[in-house]
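Labels for the chains are A, B, C, D, E and F, by order of writing; each one numbers its residues from 1.
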Amino acid sequence: MILMWEPLVRAALLEDLGRAGDITTEACVPSSAQGDGVLAARVAGTIAGLDVAALSFRLIDTDVRFEPVLADGDQVEAGGAVARVRGPARGMLTAERVALNFLGHLSGIATATRFIADAIGHTACRVVCTRKTTPGLRALEKYAVRCGGGLNHRFGLDDAMLIKDNHIALAGGIAAALQRARARAGHLVKIEIEVDNLAQLEEVFVAGGADAVLLDNMGPDMLRQAVALVAGRAVTEASGGITPATAANIAETGVDLISVGWLTHSVRTLDIGLDF
Amino acid sequence: MILMWEPLVRAALLEDLGRAGDITTEACVPSSAQGDGVLAARVAGTIAGLDVAALSFRLIDTDVRFEPVLADGDQVEAGGAVARVRGPARGMLTAERVALNFLGHLSGIATATRFIADAIGHTACRVVCTRKTTPGLRALEKYAVRCGGGLNHRFGLDDAMLIKDNHIALAGGIAAALQRARARAGHLVKIEIEVDNLAQLEEVFVAGGADAVLLDNMGPDMLRQAVALVAGRAVTEASGGITPATAANIAETGVDLISVGWLTHSVRTLDIGLDF
Amino acid sequence: MILMWEPLVRAALLEDLGRAGDITTEACVPSSAQGDGVLAARVAGTIAGLDVAALSFRLIDTDVRFEPVLADGDQVEAGGAVARVRGPARGMLTAERVALNFLGHLSGIATATRFIADAIGHTACRVVCTRKTTPGLRALEKYAVRCGGGLNHRFGLDDAMLIKDNHIALAGGIAAALQRARARAGHLVKIEIEVDNLAQLEEVFVAGGADAVLLDNMGPDMLRQAVALVAGRAVTEASGGITPATAANIAETGVDLISVGWLTHSVRTLDIGLDF
Amino acid sequence: MILMWEPLVRAALLEDLGRAGDITTEACVPSSAQGDGVLAARVAGTIAGLDVAALSFRLIDTDVRFEPVLADGDQVEAGGAVARVRGPARGMLTAERVALNFLGHLSGIATATRFIADAIGHTACRVVCTRKTTPGLRALEKYAVRCGGGLNHRFGLDDAMLIKDNHIALAGGIAAALQRARARAGHLVKIEIEVDNLAQLEEVFVAGGADAVLLDNMGPDMLRQAVALVAGRAVTEASGGITPATAANIAETGVDLISVGWLTHSVRTLDIGLDF
Amino acid sequence: MILMWEPLVRAALLEDLGRAGDITTEACVPSSAQGDGVLAARVAGTIAGLDVAALSFRLIDTDVRFEPVLADGDQVEAGGAVARVRGPARGMLTAERVALNFLGHLSGIATATRFIADAIGHTACRVVCTRKTTPGLRALEKYAVRCGGGLNHRFGLDDAMLIKDNHIALAGGIAAALQRARARAGHLVKIEIEVDNLAQLEEVFVAGGADAVLLDNMGPDMLRQAVALVAGRAVTEASGGITPATAANIAETGVDLISVGWLTHSVRTLDIGLDF
Amino acid sequence: MILMWEPLVRAALLEDLGRAGDITTEACVPSSAQGDGVLAARVAGTIAGLDVAALSFRLIDTDVRFEPVLADGDQVEAGGAVARVRGPARGMLTAERVALNFLGHLSGIATATRFIADAIGHTACRVVCTRKTTPGLRALEKYAVRCGGGLNHRFGLDDAMLIKDNHIALAGGIAAALQRARARAGHLVKIEIEVDNLAQLEEVFVAGGADAVLLDNMGPDMLRQAVALVAGRAVTEASGGITPATAANIAETGVDLISVGWLTHSVRTLDIGLDF
């Protein structure tokens, strides 16, 4: 949705242009020069952010044409073309870095998500992101997670309730917390609650249950027991220290979801460059 | 400089609060509840972003007190306290994620920078960042690089000239590009030029030289020759694919600077949590 | 949450101040003049918006003290005091209209909601608002609904799914729409679907059900049948043309919720004035 | 003037889209689906806000065509078409609610204004609005008043002086207030003064008069005397508790203007829907 | 009104700070250093903008104390102190240029206005500004005109009508233009009309007159005739090419106002410096 | 770069439109009226700001065509055409003042710069601007200086270091200040230092030198000695009280640059009008 991304792209371009603009390009490149380039991936990965990259060029110069070769969510091989960019060379050079910063960051998230999604693809388990996102980029980053085959957790503090350990303690226990939450939640607001052990998990269902339970930092054995205990009465989400190496093991316990903070908080950019 | 960071922190908080605010905390936590917590690092690293974290809490509730234990640039051990946070529990919980998202991201950059800075500490070489930053966070990220012992490269397209391969090609060669650049640059604008080989490097000095030369993707041998060729007439910067493993080797060639994109484009958050 | 309301209050004050500010007060009232006034309701109602009113005065002059007599959600009698306002007379007069515009509008919503909530108070049914809100004021208006004893429906297009007639038609039927929705929804996103008759309602449950069903424009008899048919498998919401006169009848059918657009789209301000 | 409304429409759309956008439409409606719909009034009324409604659709998708059937200020019958909307179905559904929220709100104001304007149409009296407007929407609401045949009072605190009871008291009386006001007012700033009785009114003219007098809360008899006393030396405005039932009586007293706060502070939306 | 100026001061500070902030001060000045300075005028003039200057320092560092020696509108002699500034030296140095840019610019306007006001002080004529202001600073500049003893003309296109030659031509003549204007104007909107000669002026009064007449580019003789012709039926404003040398002559013709564009479009800053 | 100027132009137009827009034009000019006009200079000068003027018209009405006759940096004779403007008359009239305010202001700066540039054209010396700019317009004003043949000094506090007398004093002397500055500066940040006399100048080079030296308030003789002393080791900039009358004398001393604050802080608008 361009309307939603435009303020971010505009701000990123102005951040790079500063007060004097692209003085190198303005000095060195004749205004009549035309360019014809390809956005190419240096390594394999999953693409996300083509609309944002296109918008970066368009906001600098509407005469720059951005022709996607792939679509968001597609796989690219090392050396593969992502998009073709043509038009006034000045505009292409001025917008290049911002376009690539967005595209590399979002594709990096999509690639990592796809990696995990594939690793657990033999199970019914899905990978979800968290609120550990880069300040200002949450919606874009969550979009990139979807491009990589993941699902989204909450977008913020307001679209669902997630009752954590501190909430429970301050509310006076699991039952009290759930009761307070239900009284406040609208009918379209789901409630998830975090538990650290099976005793707490039982307490949740004694207290009436929740839409989802976050099983925090449990090993595979305990997760299996937890899934059995829940018995389909709630969505089960495993969380805490899940790595590419452990994801499959965790997923095989039968949990519905694994949530992985580093998809968005420790992004490794997908190296994409613009070749003239 | 709080005036500069405040719009970012405000935007990040509003991004998390959405339209309905922190409904879980509002439901579960009595408004009178007080909290007393410690921001503690789960792993060792270098801290950056304490002012931004403090501001996150203060903008949510001015009654939350944030007392730093460390200062930006300090090392923290695994388990070490970074700051103490006390006051109304609701405000602490509502601001927690945004404060940690900033602090973890910036400390992650500082930690990576410190790692490289230490790795090349036996040389006179310094590590610098690039413009491959997260959209919207460039100034904060460059600050974090300084906290980690690095120096800053350009902040944007406008505060110095960096003549790259495409500029050279479109200007009609190195000499033409340098001449055009000098004619446009104000007296407080430095000019750096990228070269791929020694022939180009010689051409730069035949054409009158530059303030700095970016030696792109050269191996240690060629870098040594380049440093000898430059002979102090310009700042030398090695760039391209430098990893923690190769940084020392590159630095030992005698270059003044190594620039490392992944300090900012592939950040690994420093895991910091809030313990009540 | 002051951080969330402040941009709105600031914008409203600047809208009223224009470019030249409050020229009447500046001309007529000595800068040293002090005022002491009471915000008093001209008619009985339910109060909402005291924090926003207080902020209106504070942003104009931090020396104006705003002392609430009541709290949001409280009932006020005709003539009853809502808050006391004291301090520099200029600031009081300049901020008065904006403070009252907010307070009257929000209290008007709370009052209407309270009226309906009381009318259906003998049932388990609750009243909820819609997305038919005043552009720019949605979060505040939904807060006012809660002050009046109502619950909130969706805050926007993104925090839950509401599948309406057009979505069903374009998706290719109820089953297809529900299947598409479930595939896209994260685990904390609820799905509600609109039906016009009992056949559609049955189709919903044949297709696997939904978290909530919106029973659109049904009379009491059909609503009763619908409630029986749903049999607790989903939240039931009656919608369409519900008036103060019909609310009780509708609520008595056993539906969980009645949604009422005019709570927010046809607000009657609660008349509150500032008496010196 | 699109430049003036665009920030409001953009903000309203972003308020509705939130962070994740229109997830229901994105899930249920194929991106290739086309729609063809009519904005139709459910009840009779006066239209205002077509440009704003059109902009709502255009900002979401420039391929959605909005073809007005009527113009602002036109009357629509119950069931009558207001505009035709065609194009990508997703864009139509996503923008629908915001477009209708604006159009219904503004048409509601125009309709109420037209009702009063017609009720006093047999006199020379005109109906005017006040500053009791919805925060953020003042200029749009005042435009809607004009569409309904009304005139505008002040747009803010700065474009004219309106000396009220508190100003008079704090200035030290009517003569002092008028003298202070004239000394501060530029030559294109009009001065109006509020009076509660005929003695005050006489005092105004003894003190040199004003451009307009606001006759506050006077009954028809006193208004007639006031009009006679003024004798064309100032514009006369009756204010305070004027209802549809009393408007004609008040207008027949010979006052030039009646001002009616509920035109904008207690809007009843004009029910307009989008039929595919 | 601080609420109104704050966005401008904030923007000006951020414009100066850029992305990296005040690197010179940060490098050279110890954070503990304290400063004690005086804002002193290098030449005599009239002061305007003290609140804005104070705000510039306060937004950078709340610990910097700004103590005005003079008030806006006061005369300062060459070398005279305007304000004392004390506190952390870093904050003083960082805010200095922005504070002085505002203060010098506004005091320059006040000084020029005062010069003209004094030159015509022996007449009843007053000097007014125009809409030929610096983009973004209109309200501040008009405030500065008042500080210098001038009156304000329109603040924008919307707070009064000024019918110029092109409006008259396109409306079909003076009478048509005035009639159209009156039909559109609210009762608190004044109408001024521009005339180039006495025939046009007569036409204005034949057509019912206006609140003010702008006598454009008339010499003293014609102005005298114009004043006689108007005979108090409208405010008379002389405009066009009025210089300090001709102002008195023009004012002595009996016109009520002279309007002078260069008060705001050709500002000569008042030289004020910060002496430690 | 339109992306950079657009927020300023948009803000300036909204500042002029206020809340009610151009009521005079709306009242007097039929919506179908077409206009055909020429932006003509009343006096000779150098043009700057055509893109900004064009944008002013385009943002009001995209149907207004702006056809430049000259380009930025061109000389215009008195009476000469600058651009042709055609299209809907309403849009032309509404945008006219803002377009001219920008164009006159920026052309005024370019004209003054060109005057000094020509006065020193027989030397190698160049004229540069300062940070004494109009709040909010710095980048545009610095662009205008370049249009007039000048060079730009720093754009802000962050793109280069300028060590002034207060920095030196607080750092503990010239050597200490330079050392601190070099330790903080990135490799693309130049350092300039202000000196008042030759002894300080020598001290600078004893302390290792700087990229540039600002020779403050020196007479021609001392400047000559300073230039000799520097002997090409740094850029030399003369500053302080340079007037059109003294510029040539100063330039002939051999300094590289003269910096002139009044180019931007005491702008005399270039009188340009729109003739239909």
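Some observations on this one:
Here, a residue touches a chain if its C-beta (ideal position, glycine included) is under 8 Å from a C-beta of that chain, and two chains touch if they have at least 3 such contacts.
Everything quoted here is computed from the prediction, not taken from an experiment.
Chains touching both chain A and chain B: C, D, E, F.
Chains making contact with chain B as well as with chain D: A, C, E, F. Using mean Cα coordinates as chain centres, the one most removed from chain A is E.
Residues touching across the chain B and chain C pair largely diverge in numbering: under half of the numbers involved belong to both copies.
For the pair chain B and chain E, the distance between C-alpha centroids works out to 44 Å.
Chain B and chain F have CA centres that are 32 Å apart. Measuring from the averaged C-alpha position of chain C to that of chain D gives a distance of 22 Å. Looking at chain E, residues 15, 17-22, 138-139, 152, 155-156, 158-159, 162, 189 sit in touch with two or more other chains. Residue ranges of chain D in contact with chain F, taken from their complex: 1, 3-4, 138-139, 142, 152, 155-156, 159. Against chain D, in their complex, chain E makes its touches with residues 128, 151-155, 158-160, 162, 186-190, 192, 211-212, 235, 237, 256-257.
Residues 15, 18-19 of chain C touch chain F in their complex. The residues of chain C lying in touch with chain D in their complex are 8-9, 11-12, 15-30, 33, 35, 89, 93-94, 97-98, 100-102, 104-105, 108, 131-139, 155-159, 161-164, 166-171, 177, 180-181, 183-185, 189, 262, 265-269, 276. Taken in their complex, chain E has these residues touching chain B: 10, 13-14, 17-22, 59-60.
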